[in-house]
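The same subunit A turns up in both complexes below, where it pairs with subunit B and then with subunit C.
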Partner chain A sequence: MSLTEGSAIDMLRLEAQVHSAVSSVDDPEYPGISIVDLGLLETIHVEPDGSTVIGLIPTFSGCPALAIIADDVVAAVQEVADVSTCTVDWLSSPAWHADRISHEARSCLERKFTVAVQIGQRSTTCPLCASKTVEQSMFGPSRCRSVHTCTGCGETVEVLRG
Partner chain B sequence: MVLCMSRSWSSIDDFEAFLNNGGIVESDDSMPDEYRLAVFRFIELHANSEQMGGLTERDWIPRTPGLRHKMAVIAKTQDEFGHAHLLYMVAADMRIKTRREMVEDLYAGKSRFHNVFHYRAKTWGHQVAIAFLVDAAALASQQAVFKNCSYGPYRRILKRIISEEGFHMRLGEDRMMRIAQGTEMQREMFQQAIDDWWWPALQLFGPDSKPNDMLLRWHIKSERNEVLRDRWVQKFVPMLQSYGFTIPDPGLRFDDDEDRWVAGPIDWAPLKKTFANVGPDSARRISEASAHWEESAWVRQALAANKTVNELVQA
Partner chain C sequence: MNEISIAARDVILAFVDDEHLMGQQHTEWIGVAPFLEEDLAFASIGQDELGHAAMLLEALVGTDDADIDALAFYREASQWRSCALVEVTLPEWSDTLLRHWLYDAAEELRWQLFQGSSVQLLADISVRALSEERFHRQHGDALLDVLLRVDDAHDRIMASLHKVLPLALTMFDGAPSEADALVEGVISGSLISLLGDWQQRVDHRFGPVDWDQIVRPVLSQRKERHDDFAPLLARMLEVLDLDRTVTW
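This part shows the complex of A and B:
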């Protein structure tokens, strides 16, 4: 397939391949959960010559994983046959928000990592027993996480918020 | 689903049979006192080590070269304190010591933390060696606990801590690659760091596990110290040599028949000193940590006062 004379269909197909390559990249701190499911992917631009720009948004600016995520995305996208170059742009808007997390990723966070997701100021429930959790400290292991305890089973629960 | 129902066992044999069948103990179960104490001590040691590790990282925020590394060190500092925070909560749930008692015992030099935090990180090369060698050793030990740990709350916290420590490992590899491909001076600095940190990292695994090790018997740990230590040697000896660095172990040799590296004899005296909090940098570390604790007393007082005011307003 020559993309220099590529039809619109070919371009769409290529974009879909790039999308699935980006989806194959996991969050470095949550192995098994794709950055796309966490809502980091904002834009994909593919030119007819195969040059590709991926627009990502960070969960918070200053996240130390940005360089590693970008390296992983470039490596995955360059595996796509018709991609010539790939760069990652970290976008400053829109701002990331916890409601960008997909339903699947949310249940995986709960099941696999005992991490609850808090949207805005809404209350959160324990991933183990579904009782209400209470915030113990807004300072968890990273800026996007706080520490709660469950009012039912007493589990210590990390809460991903935004 | 965790049942909010406390279980009890009629005898230690009964309890051990439950553990041997892969049973998971929860915080409100009536577990045998010996088990409760063993798990508590283990988690307290881990929490203390994350806390002291966080303080070490924090010392390096202003000294770290380059924005990329500096961002990583800031985040790693928060990570370590966050881990300590979670672990202290899990340990406090065992109702042996409160969180405050654990922190105060640590700062008074009355409790233990891992040997590697009894040494001083003097150069950036040391920081790279710590992130690369020591973090890998700590991660390997945690993985061995997580794999089959019989205490549920700790096992679930470890799952998250391990994935984050795995991320630190990647940052450590990134640092190592940069310094290994750097100038002659940078390479010399890193070689010196390997010379200084190789043995403490190796000693982190501890002496060979005893046949009657209760941590193994009760499925708190799942692998023997010497097995973990050996795996680490097999990984790091060839890796460091491939970058042209040398290993400061005169007894190290490659066994052609067994196709593996064999480390020389290990002197355990330095490890024992760190157990007694009399390692090379123990006194300074503990006194600095304790000074910070005193300096931040006003924050705790303000928070407690705020809580009282809120309660009065609500009443």
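This part shows the complex of A and C:
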């Protein structure tokens, strides 16, 4: 099927397929959690000739995983039939915030990784026992995570924030 | 890129070089900071500063790695626009901690100069940088809150403050074309215009400083380098020079 004279419906279908392909890319640090659910996807532009530009935003400007994520996105999108080329554009705006993380991704981070998400300055609760957590170190194993301990069960809890 | 004028390039480069060298200096404490939390903090804060430098470099030359490296690493020393505060090697941890606090107190103000920039990209980048910078400020303050309450730590911090302050004043030296950038609306104020706000932050944090007693550095519009610059750059190039074509 060629989209050079594609109908509006064909274009919408293709965009949906591209969106689905981007959604299939997981964050390198959290296997099983899509970059779309983490709030990295900002724009998708598909031209009638199949050339595609994916606009992403980084969680933090110095994130060392950006090149890996971009490569994974290009590889996934190029698998879509009717996509001719794909490039990733790291956008300078907007700035990422933790409230861009979807509800599903938050639950998965809690269950699978014992990671709590902090929105703004709000207090965080332990993913295991729901007690309050207390910050032990403002910076943790990566730039976007601090280290807390649970006041209830004593578990170490990583807190994703931004 | 077309929309970046010569004057804009000049003030952006001053920020790039400060962020780049500050980031490098922070990374040199990874593994040797006095305790694990500081190791992690300096790794993360350094990563942010290097990220800021990278964003600004991309604004100047685009996303090609070779172009970025050429500008970021392979200029003559006289073409750098960094200030002495970020060029100097500080082997004492307390001096480094003070540099971190003093630098970030000014860095936040510097990003605010870009907030309404006529160069939209700079205005955009400043929003992200400012949201990251508050973590740096919180970190420096949280640690100082504890240390300044302990007698001997307090004395060491204050000694370091007076040692680092003259160097910190070099941050407010404007690049040669700064006045033109101001007219073009690239920045909303000169670096020296931030000095008063920054001094208030210092006074508020450490108690009133007798600013008349602080030795004023000789300013060169950022054209001259501190003696520690050459060895610092050599350390930065040590790995890159093994093979400049390799992709990391």
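What we mean here is this: the second predicted complex is superposed on the first by the 162 of 162 C-alpha atoms of A that agree within 3 Å, B and C clash if a C-alpha of one lies under 4 Å from a C-alpha of the other, contacts with A are read in each partner's own complex, and residues count from 1 in each chain.
Keep in mind that, in the parts below, a contact is a pair of C-beta atoms (placed from the backbone, for glycine too) under 8 Å apart; a residue touches a chain by one contact, two chains touch by 3 or more.
Note that this is a predicted model, so its numbers are computed, not measured.
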Subject >> Per-residue contact with subunit A, leading partner among subunit C and subunit B >> reply: B
**OP:** Mind working out whether A:28 is in touch with subunit B, subunit C, both or neither, as first, second, both or neither?
**Re:** first
Subject >> Contacts of A:149 with subunit B and subunit C, given as first, second, both or neither >> reply: first
Original post:
Thinking of the overlay built on chain A, is A:94 touched by subunit B (first), by subunit C (second), by both, or by neither?
Top reply: second
Original post:
Does subunit B (first) or subunit C (second) touch A:162, or do both, or does neither?
Top reply: second
Original post:
A:138 contacts which: subunit B (first), subunit C (second), both, neither?
Top reply: second
**OP:** With the two complexes superposed on chain A, say which partner A:113 touches: subunit B (first), subunit C (second), both, or neither.
**Re:** first
**OP:** For A:63, decide between first (touching subunit B), second (touching subunit C), both and neither.
**Re:** both
**OP:** Find the residues of subunit A that appear in the contact set with subunit B and again in the contact set with subunit C.
**Re:** 62-64, 136-137, 139-143
**OP:** Please name which positions on subunit C make contact with subunit A in the complex.
**Re:** 23, 36-37, 40-41, 43-45, 47-52, 54-55, 59, 121, 124-125, 127-129, 131-132, 135, 138-139, 142
Original post:
Given the complex with subunit C, which residues does subunit A contribute to the contact?
Top reply: 60-64, 92-97, 136-143, 162
Subject >> Residues of subunit A touching subunit B in the complex >> reply: 28-31, 62-65, 67-68, 112-115, 128-129, 136-137, 139-143, 145, 147, 149, 152-156, 158
**OP:** State the interface residues of subunit B toward subunit A in the complex, per the touch definition above.
**Re:** 1-2, 4, 26-28, 68, 71-72, 74-76, 78-79, 81-83, 85-86, 89-90, 93, 153, 156-157, 159-160, 163-164, 166-167, 170-171, 174
